[in-house]
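Below you will find the structure I want to go over with you.
First chain written, first letter: the chains are A, B and C, and each begins at residue 1.
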């Protein structure tokens, strides 16, 4: 009897110690798991927003843009206007006035880019038609490939 | 099961020098005893463990351990960083910005690397001071001191090459100022200029690339070599400079637990620093526009101050020679300090050391003021 | 036309064709060296028009009587100069090869300068006063007095001369006012699209402004502003009161970039303080100033955010749009009505607030600090486990 009792007492602390031991090991293994998770997340390349190669902007189907219609593309700091001159030609022009950097508007009736600040106007080649702007607009290449429009910045 | 385990161990031990390979791993500080390569790993370990093992995790020996762990952390985070960094003037800043801004945990790895570097230099400095105060330079421990001093110098070089890599305005121009100081030191300066490929003090594309190679390959290899030599010497001469005090002796398990405690504490400090005091990324460097108010790295402020102080009346190469002599004396101090072993001389030595330290601090303050 | 002058074109053609034989300057310079030096660099000389082209006479001889002989005009009387210049410069066939306009003389005769000259006042400006005399250069040469950068100085030679202007009752501060103004500074900073004297006053047909004359000129560049003004109540009221439109608030020469602190003071110049009109002005001012400060605040934050580093290109783009809207709202203010200004300023302000909010959220470190606290907890538990284990091992060791 005495031996059984003693054995029982000897058993209990042992099993509790073992449970605690496993808990502790589980807890400590989180370090390893955390470290692995951190490293593997780091190694996965990020979805790059600033990639130097992201200089081509997809603009959607070519038939979405009618002749005489323009779309303003916001990519990067300065907006760009893409205008359909005729069935076969698309032009890309900077959307920022070269006078004092106001953002331009597309005037559909006159087919010019108009600046609301000092009556500036630019034609579809970017040349200054009116207003105080000293320089023509920067032009960008717009390409149609397989029915899709792409703006090259 | 026991037989299976010994089975594959035997398979390997008949084909490889397992004890030799294992001792290479442990030679970086798991325990101080040398392993007998003629025995099998088990037997060699048992024999090594039967000898008493002093506890590392006692003040102040933990400094060496901290330094080793920091080198490991820096190496690991450094490798992670190299996976995204491009070492060209055009790509350096933007790739660093990508790491900090876009890569998952990129900022975290970057901060840990930065603070790890600062902590490493701090630890190595304190360690050198501790070696000096406790006389860990007297025979047969001269090489222990030399390794510690050289490790500190290599760490400075790593920090210098590393701070230029993000190609920020501060980093670039502090690197330029540092090159000005280094190139004024005779012999060593010209050697450094030669290796860096600099023409003048401008950091060109070639210099950046060489700094990168030094930072990720040359200096780490040098560091590992110095650490190995250091541990090898410690294993040979023993940890106790004075045989009088009784050190606690621990088993392998306890020793490993001590290591784990130190490692955990260090990781905690690094993560805390990284999150509470993160380094920002200033604008990219413009090599054609000098940024005003940028000083050399803090450890070069004293040499810079010396040059500024002696600018009028002492030729630059003389001041540079003073620096060269001082640094050489620092590295090879054990061979010069032999005469200071008596009781009285000890006081004189401490006094001289304090004077040297005070001069260094004064020059640093002056250098900071003037730059 | 007197025979003498009709003869001049013929002489001119002869000289132009024969100049390679004669040498372009001829021998006039032997007695008139100063004038020859001046004329050497002029545009007339480079086109082969020598001294005789304007003065007539015979350039091949040094005998005074012969040189100053047939067809010679000294042109020392200023009143003769416009007519002399017009001999070629109003002749379409002569100017055609150079594609130069020929209406200057006609215009000049309608101008105040021309009219004064016709009255016999020889202090009035003539061609050479502005274009230069013997050293006349092309207008696009930087050394020409009529180059855009030099126009102010050239006009100012007379119109900034206090003594001269007093005689006519003109304001002599105009040059100084203009040079301090937004337009003057723009020109001196290199923006050659900014107006100089001639853009508003005209060149050869220069006439001083009267009420209703010059005001419409401002609208040539500031179209939106003028449009808004015409839509508002100020237009009719000021026309009825015979007040100049733009000049009343902005002045004519000393035009400054408008500061909003001045608005109430300005409105009070005509309206009673505390009146509804001044209230409208104040309300517009508050709206626009509020929007500008929101945008400025957001822009400051982008500078900070860029250092983290965050990608702020998108935010900067939106702020540029917002600033365009502010400029639009400034134009709309001239209709002195709150609604249109409110609509635009509100949009601009909301962009500023949105950008500021987004960046604040992105730069928020709360999550990092919470993560740090969790980490510390984790660290503490780990260290506790390790220390407990260490103590157990130590006890085992000691008991052995």
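Keep this in mind: contacts are C-beta pairs under 8 Å (C-beta built on N, C-alpha and C of every residue); 3 or more make two chains touch, one makes a residue touch a chain.
Treat the numbers as computed from the prediction; the structure is a model and nothing was measured.
Among the chains in view, A has its Cα centre nearest the centre of the complete protein Cα set.
Each of A-B and A-C has its own count of C-beta contacts, and the greater count is at A-C.
Centre-to-centre spacing of chain B and chain C amounts to 62 Å, using the average Cα coordinate of each chain.
Computed from the mean C-alpha positions, the centre of chain A lies at a distance of 39 Å from the centre of chain C.
Shared interface positions of chain A, i.e. residues touching 2 or more other chains, are given as 49-50. For chain C, the set of residues that touch two or more other chains comprises 311, 382, 389. In chain B, the residues that reach two or more other chains under the touch definition are 97, 101.
Those residues of chain C whose C-beta lies close enough to touch chain A in the complex are 191-194, 220-224, 311, 313-314, 316-317, 320-321, 323-324, 327-328, 331, 378, 381-382, 385, 389. Partner chain C is touched in their complex by these residues of chain B: 97, 100-101, 250-251, 253-254, 257-258, 260-261, 264-265, 267-268, 271-272, 275-276, 280-283. Taken in their complex, chain B has these residues touching chain A: 80, 83, 94, 97-98, 101-106, 108-109. Against chain B, in their complex, chain C makes its touches with residues 306-311, 368-369, 371-372, 375-376, 379, 382-383, 386-387, 389-390, 393-394, 397. In the complex of the two chains, the chain A residues touching chain C come out as 24, 27-28, 30-31, 49-50, 74, 76-79, 96, 99-103, 116-119, 131-134.
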